[in-house]
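Shown next, in structure tokens, is the structure this report addresses.
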Amino acid sequence: MADKDLIEKTRKTAELYFKGVQDERPFDLWKAFDKDLAKELSLFITGQMYAREKIPHPTRQLVTVACLTVLARPDELKLHIQAALNVGCTRDEILEIILQMAVYAGFPAALEAVKTAAAVFGETQ
Amino acid sequence: MADKDLIEKTRKTAELYFKGVQDERPFDLWKAFDKDLAKELSLFITGQMYAREKIPHPTRQLVTVACLTVLARPDELKLHIQAALNVGCTRDEILEIILQMAVYAGFPAALEAVKTAAAVFGETQ
Amino acid sequence: MADKDLIEKTRKTAELYFKGVQDERPFDLWKAFDKDLAKELSLFITGQMYAREKIPHPTRQLVTVACLTVLARPDELKLHIQAALNVGCTRDEILEIILQMAVYAGFPAALEAVKTAAAVFGETQ
Amino acid sequence: MADKDLIEKTRKTAELYFKGVQDERPFDLWKAFDKDLAKELSLFITGQMYAREKIPHPTRQLVTVACLTVLARPDELKLHIQAALNVGCTRDEILEIILQMAVYAGFPAALEAVKTAAAVFGETQ
Amino acid sequence: MADKDLIEKTRKTAELYFKGVQDERPFDLWKAFDKDLAKELSLFITGQMYAREKIPHPTRQLVTVACLTVLARPDELKLHIQAALNVGCTRDEILEIILQMAVYAGFPAALEAVKTAAAVFGETQ
Amino acid sequence: MADKDLIEKTRKTAELYFKGVQDERPFDLWKAFDKDLAKELSLFITGQMYAREKIPHPTRQLVTVACLTVLARPDELKLHIQAALNVGCTRDEILEIILQMAVYAGFPAALEAVKTAAAVFGETQ
């Protein structure tokens, strides 16, 4: 169902975001249970959603960091802080976005995210 | 406790974000109950948090739209979609950010936010 | 299954909390669908949980207002702000608790709750 | 990118779930803003996710009702209670699932969902 | 307050759901703090809510897995994936339900739940 | 921007709440990234919000425990259970508040909080 171009766009976008990430990439777990599903998910989310060119990758990634700060999902947050650095966000920008979340989602949400960011920055300096 | 510069910076930032907004501005309600508190909140959030110059206003506002999409707070979302337009975000950028949230917070969250955005765009064309 | 004492304790506690409340009381809706269930729920929550004497009713009710501020459930919040006034909480205490939530759950949560409180206070002055 | 079979499977699944639904169907709003995106979303969610044959449609729909009860998204909940009836769930099953949510997500979440269910049942008797 | 039948029904239902579960059962913790309360909770939730015969146990348990996937409560989720297997749900059904949650509550929620399911399946093969 | 009185009030309030707390205090992490910001946050939240004298400290702290029980933020919850003990709340009051949350936010939320409380009580006996 997926043509060659979509597969290539998916591969390139995944490489851009998750290059050098040591932890499990998001689709590895799905793959273990249902290989076809994992491929479809990857083509849809990475190849069709993430590869849309309406906003620059750093903006897209800062927004994702903000969202995961609110949602209390530290593993995914860690992965996407790494991805944010990969697409060119600075540490200061990432922290500023997390701080901004304190106003809208409360200080505990921001505090947990600052801990996660500190852990990622410590591993990637 | 607040010096003249902070008051001026707060006024200017509030003007930038909420110019032309017909609905109640966020601090009006607090003001009705505790005038001193409302002033302190305004000086802190608008004058100290929002006025930080670490990221551009449009990025800050897209991130806020994303966060409010996740949190199921339509009134605040409406206000900040208006503010996003005020600081120079385009409609396409706002919708793209909302769509991005579908991946992380589910499609119902995004769908509700698209409805809110459609309402704001209808009023401000 | 429920003895006379529990039924009486349930009735008295419900009267204390919801006296004069015009909106639907929480168990009315359950009653329409499953009368036995509604009775069991009422005996358990009102008669066994709410009637516990470990903390004073006003403290219990301020805590409930705080929780519903966080959870984005305005109808239940309205009901429990009415109940808070019924058990002797003051308006200032209720607003103070809502404000406290801004720090932990974000300003939009608190802002929505202030609106709900203003509506209740307007109806009950 | 989508072959004929997927388009046909999507159409049939959508017909099964949303037959006779008067409110906006989920993808109508996306369509107004980005027609291609709406088509991709529809093919992916309806044609690939919903049409998976691992669990019966009524189970899938009861689970969706449960999830939307927790998430405080009444418009989507209304739509999926209608869809649940369309795929053969009974009113009693839907209410039982909502009640079950009270234990895990609290009584206010269940209470709001009972109100929504009552509204749908009133319209579709 | 509880008659013999309710106690017996509670015991049987608990046995059905949590047979062989090594981790703490849900009421053990309450028991350590307030023995009477723990007994009341157990009789109410297990004996009255869970033992209702309106929907089959596997459906009830799939719905609970869905709800806990959304709520970000991994310990309770683990317990109820074990219970789902105990009442006869298959691994494929459990994973399918978790995947379904990605659409409504976002992929991070589903991803965390898949990790938890993988851990339970590893321990119980 | 902050006068001497505010600094002193902030210091005293922080001492009252967090005396003897071994874990990181909330502002330590912010301090590592932005010293000025951390000071502003501390003066605003501790010195202006927490030091408000509208409700007694134990009530304020029970409400905070309730809120963090709902929000699934165990590290912050731990810190504030310690603070609750510091300002004079009893263990029974803290547990009663957590139990109350089961009704409004579900039993898993309460169960996680009971575990956290048990851990704090074990360390501080």
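Structural remarks
Should a chain be cited, it is by its letter among A, B, C, D, E and F, assigned in written order, with residues numbered from 1 in that chain.
To be clear about the criterion, a residue touches a chain if its C-beta (ideal position, glycine included) is under 8 Å from a C-beta of that chain, and two chains touch if they have at least 3 such contacts.
Given the structure is predicted, the values throughout are model-derived calculations rather than measurements.
Listed here as common contacts of subunit B and subunit C: A, D, E, F.
The minimum number of touch steps linking subunit D to subunit F comes to 1. In this assembly, D is the chain whose CA centroid lies farthest from the centroid of subunit F.
Each chain's centre was taken as the mean of its CA atoms, and the one lying most distant from subunit E is B. Over half of the residue-numbered contact pairs at B-C are shared with one candidate from D-F, A-B or B-D, namely B-D.
Between subunit A and subunit E, the centres computed from C-alpha atoms are 31 Å apart. Chain contacts: subunit F has residues 45, 68, 71-72, 76, 99, 103-109 touching two or more partner chains.
Taken as a graph of touching chains, this assembly is complete, with every chain in contact with every other.
Per the touch definition, subunit A reaches subunit C in the complex via residues 102-109. Interface residues of subunit B, counted against subunit C in their complex, comprise 26, 29-30, 32-34, 37, 41, 45, 68, 71-73, 75-76. Remark: subunit B residues 45, 49, 52, 54-55, 59-60, 62-64, 66-68, 70-71, 76, 92-93, 96-97, 99-105 touch subunit A in the complex. Residues 72, 95, 99, 106-109, 111-112, 114-115, 118 of subunit F are the ones touching subunit E in the complex.
Interface residues of subunit C, counted against subunit E in their complex, comprise 1-3, 6, 40, 44, 48.
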